[in-house]
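Quick one: this structure, given as structure tokens, is what I'll be asking you about.
Every chain is named by a letter (A, B, C and D) in the order it is written, and numbering of its residues begins at 1.
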Amino acid sequence: MHWWIPTNASSYGGDVDRIFYIILYITGFVFLVVEGGLLVFLVRYRRREGRTAAYIHGNNTAEIIWTTIPAVIVVMLALLSQKVWSTVKDPAHFPADAIQIGVHVKQFEWQFTMPGPDGTLGTDDDIFRKNELHLVVGRNYAVQLTSQDVIHSFFIPAFRLKQDVVPGMTIVAWFRPTRTGAFDLACAQLCGVGHYRMQATVYVHSAEDFARWQAAQGTPAAAAAVATDTTMGSMAMPHSGGTR
Amino acid sequence: MDAADHKHPNYVAVWGGLFVLTVIEVAAVYMRIPRHLLVLALLLLAAWKALLVALYFMHLRFEPKRLALVALAPLPLGVILVVAVLQEFAKR
Amino acid sequence: MTAAAAPHDAGLHAGHDDRPWLRRYVFSTDHKTIGIQFLFLSLTFLLLGGLMAMVIRWQLGFPGTPVPGGSVLPDAMAPGGVIRPSFYNALVTMHGTFMIFFAVMPLLTGVFANYLIPLKIGAPDMAFPRLNMWSFWLMIPAGTLALAGFFVEGGSAASGWTAYAPLSNSPLYTGVSAGQILWCLAIIIFGASSLLGSVNYIATVVNLRAPGMTWMRLPLSVWALFITAILALLAVPILAGAIIMLLFDQVLGTHFYLPTGGGQPLLWQHLFWFFGHPEVYILILPAMGIVSDVIANGSRKPIFGYTSMVFAIGGIAGLGFMVWGHHMFVSGMNPTLGTSFMASTMLIAVPTSIKVFNWLGTMWRGNIHFHVPMLNAIGFLSMFVIGGLSGIFMAATPVDMYIHDTYFIVAHIHYVLFGGSLFAAFAGIYYWFPKMFGREMHDGLGRWHFGLTFVFYNLTFFPMHLLGLGGHMRRLYDPTQYPFLAPMQPINVFVSVSAFLLMAAQLPFVVNFFWSLFRGPKAPLNPWRDNSLEWTVPSPPPHGNFVETPTVYRGPYEYSVPGELEDFLPQDRPAPARQEAH
Amino acid sequence: MAHAVQPAAPPAEEGIGVYTQKLGMWVFLASEVMFFTALIGTYIILRWGSAESWPVPQDILNIPLTAFNTFVLICSSVSMVKAYAAATHDDQKGLRLWLVLTVLAGATFVGVQLLEYRHLIHEGLLPSGIRDGSALAARLVDSGKLSATAAGLFGSAFFTMTGFHGFHVTCGVICMTFVTIKAFRGGYSGGRFHGVEVIGLYWHFVDLVWIILFTIVYLI
């Protein structure tokens, strides 16, 4: 049972986690100081007979100190975040060698178009899959996100990546998986009645596994048949829970 | 707040100004002026007209400065909104 | 000047009240009656919103099992008591809508701005009493229309309280048509009500202050309510404009947000959050003001750093208009724009921490009385700190990329809006109840209510941070659908059970409220020994408030002045023999 | 107040220095500025953000007619301010005359706008876009001058912006009618001019918004 951030599986996920922990330590410290101070004051200065409260209107030095310290801290955090942020989201920093993947979403379905053996998208050997994405560990990928109807959100928790998919726009997001395995891909933006079951699975293969998988795909038509097979696995198939 | 306080500028002159500016605006559209120059000129003329209305018809010129603050407060917010969102869409 | 510039009811002064019953209790223009009407209205919607939250929590804790008593719901919502996904989305939407627009906002501005502003600044009534009455009576059709959505074909609006286009644009996407239109109309009418209120509060504070009530002698609650009114005045029209366009997209076939017609879905988000972020401050600033008053009173000490408190409120409000983009970091917005929004968002931590430290400074070396309003104010302070600190995670763009749209956000907003705004609202209700109704509330029940609420509130909302860190998306009908979320289901169960207990913990309040209303002991003039002007008039104050316009000699926080016999010095008491120390 | 000798109580602050109703109207107008910011801002954003070429207003709209209408509205502003001047001088006859003229001018503006709408809808411009097979579609879309998408957005924005302005003028005309009736009953005699001044502020504001709208929607 994991009650915490899932183990990271992408190249920049570690940086995201690092900023998270830095903020956690800073805010945790501030939390302890403030709540601790509050508790101490509540006990120490509780009402007692004969006590008079001090007649103080303020203290400029103290106020300047507790204005400056948070200001310095947040500026530091902003600078720290900026670097990771532009690595992930700024198209100018996208890796040039990324493999392109088409991701088209419509209400409650993810449609992935992955390049076939020739490595380029938009050719005849493209592999098309619903709710199932196959990747090679250690390679850079750029997903081109398009939506047919409403706003969805492309969320892979293990990759620390979330990107809304907006109809009328093509938004590109990139990542490099660093671990093999099956990871959940979820829609994170309320997109209608079936939002809760709009899930897909990301399979990150080793290079050899991937080659084997790719070879087994054959023509797009055959791929569709295989897709039905693999999605029957317990990982990707929605439980039939909820309303009946 | 007595009658002595009421300044009445020459309203007909202001009206004349507004009329002339409107004529210039409409005429400019039908003349062959480079597009960006035209847009700039039209915006300036419109701002001028708006200022005439606010200062003289709405008496902002004769009101306490603090009241002008009430009137001006929303403008920077509007500019922030439009400029930021324009940046967003202009990029594509 | 007060008397000269008095409201429409010229010659309004305390003592003579020969209004017929209907004008006195129903279509009253008296700010106190309107404030109390708002109190009943907002508490009703608070209860409704709370009940919806219970149903939501049931579904999340025990997905697919019938809600106890849910069999009374029609089949379109919950066949056999099991919540349908469409009904779940409607509940999520309307819980947010009711709580924000019809419970917390009227509770803080409607109730306290109406009731307190004229009394605290020494005015006989609001600047425009008739508009004030309309401000309340517009809320009735607005709330009714919003509620009516549940009973029309297709159910109520189900695209979240944020109504992201194009999901909210067309029945094709949600199956909801009339409900969404009703939602739009309700919010537009709510906007008109809010506008009338804001104009009133601003004009009243600016022009109707009693002699001697200078700007820097205003209680912080009045300052906060005044600045809140400015925020609402400038932010709500943007929402009105955005929603009118949304409405036109639905009924006139326009294409503002529809990409198929060339519109921009992100435009809705920009307009919505340009309103939405100031709205967040509309919901928290009055709470800060109320808490400032109560903490100074409870500590029997002048507020620490009054001037910087005022500027901090102004700073938060000003920054509030420049940070809306932080709700849209992952929306596909220009990343450079995202950077500037991150910077401005981070800056909000500065005025906020000034306020927190100044409250602590107020308690430092005080003589703290733990009366029930003070307990709630302390609850506010300790919870708001958590809500504020968790906000820093979201302001950092890379971390937001992960926690955006997860339960971390839900935890954050509830720490700010429940732990913040609602604890402050409870503090305010306990504090001013004696003034409003002339009777005291029961102390013991009040303490039980606070204690139980504080405990179960934390048990409900703190684990949501963990859910969010686990990646648990918000607005999710059935979390067990996801392999990576299913192991966290015990937390969901725990949260749900805590939420039910939290709801039950409100029972002492309800009992206390109604019992005290009719049976409470008669309240003295000034039960909390407070300095502000409302405590110099009878409880409840007569129509017209002050028999004679008061004159103000000092700020509202002169507690424990050395050399005074008592530990408080009311604002209208002529100066003591010795000079004021400054 | 025997203790008034103490320096602790300075004289009352004067508020903002204008009477409360006028202040209230200005505060309300600040809110209106934001409302029109939402609409005009949307127009600017959609127009500049639109990938398609935006229609040239002159191709669709009747500029001379609207220029005339602008003139009418400016005239109504002058008559309004004249009415106010008359009220401050307690010139009842002048007040009534100028108010009646203002109401008439306002009503004319709304009337002309309705005629313009009728004509545009007849031509084929609708809030939802350009009607297929209409005269306008033949002139613009079919001849390749304009994409139907951009024309649709133009229709959406045009009708919403001018419509809400027209709604404001209509509200103004209604309020002004009441003010005029009150003026004929002597409600503003003896220097009671506040009502006229406050409604005048609203009226001029609506005129001001039109000046901006006319430039942005019709001319640019």
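In this section, a residue touches a chain if its C-beta (ideal position, glycine included) is under 8 Å from a C-beta of that chain, and two chains touch if they have at least 3 such contacts.
It should be emphasised that the depicted structure is a prediction, and the values quoted were computed from it without experimental measurement.
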**Study point:** Comparison of B-D and C-D by number of C-beta pairs in contact, larger one
**Key:** C-D
Practice item. State, to the nearest whole Å, the distance from the C-alpha centre of subunit B to the C-alpha centre of subunit D. Key: 14
Practice item. Compute the distance, rounded to whole Å, between the mean C-alpha positions of subunit A and subunit D. Key: 48
Point to revise | Distance from subunit D to subunit C - Cα centre to Cα centre, in angstrom | key: 34
Check your understanding: How many angstrom between the C-alpha centroids of subunit C and subunit B?
Key -> 37
Exercise for review: Pull out every residue in subunit B that's touching 2 or more other chains.
Suggested key: 73-74, 77, 81, 85, 88-89, 92
Study note, to complete from the structure: Going by residue number, subunit C touches two or more other chains at 234, 238, 263-264, 266-267, 271, 336
Point to revise | Shared interface positions of subunit D, touching two or more other chains | key: 16, 19, 23, 27, 30-31, 34, 37, 45, 49, 51
Point to revise | All chain pairs that touch each other | key: A-C, B-C, B-D, C-D
**Study point:** subunit D-touching residues of subunit B, taken from the complex the two chains share
**Key:** 1, 3, 6, 8, 11-12, 14-15, 18-19, 22, 25-26, 28-29, 38-39, 42-43, 45-46, 49-50, 53-54, 56-58, 63-64, 66-67, 70-71, 73-75, 77-78, 81-82, 85-86, 88-90, 92
Practice item. Sort out for me which residues of subunit B touch subunit C in the complex. Key: 73-74, 77, 80-81, 84-85, 87-89, 91
Review point. Within the complex, which stretch of subunit C touches subunit A?
Key: 63-64, 79, 82-86, 89, 92, 158-160, 164, 166-167, 172-175, 259-260, 263-266, 299-302, 304-308, 330-332, 335-336, 338-339, 342-343, 346-347, 349-350, 353-354, 356-358, 360-361, 363-370, 378, 381-382, 385-386, 389-390, 392-393, 395-399, 401-402, 404-406, 466, 469-471, 473-484, 487-488, 490-491, 559-562, 567, 581-582
Check your understanding: Which positions of subunit C touch subunit B when the two form their complex?
Key -> 230, 234, 238, 264, 266-267, 270-271, 274, 321-322, 325, 333-334, 336-337
Review point. In the complex of these two chains, what residues of subunit D are touching subunit B?
Key: 16-19, 23, 26-27, 29-31, 33-34, 37, 41, 44-45, 48-49, 51, 58, 63-64, 67, 70-71, 74-75, 77-78, 80-82, 85, 88-89, 191, 200-201, 204-205, 207-208, 211-212, 214-216, 219-220
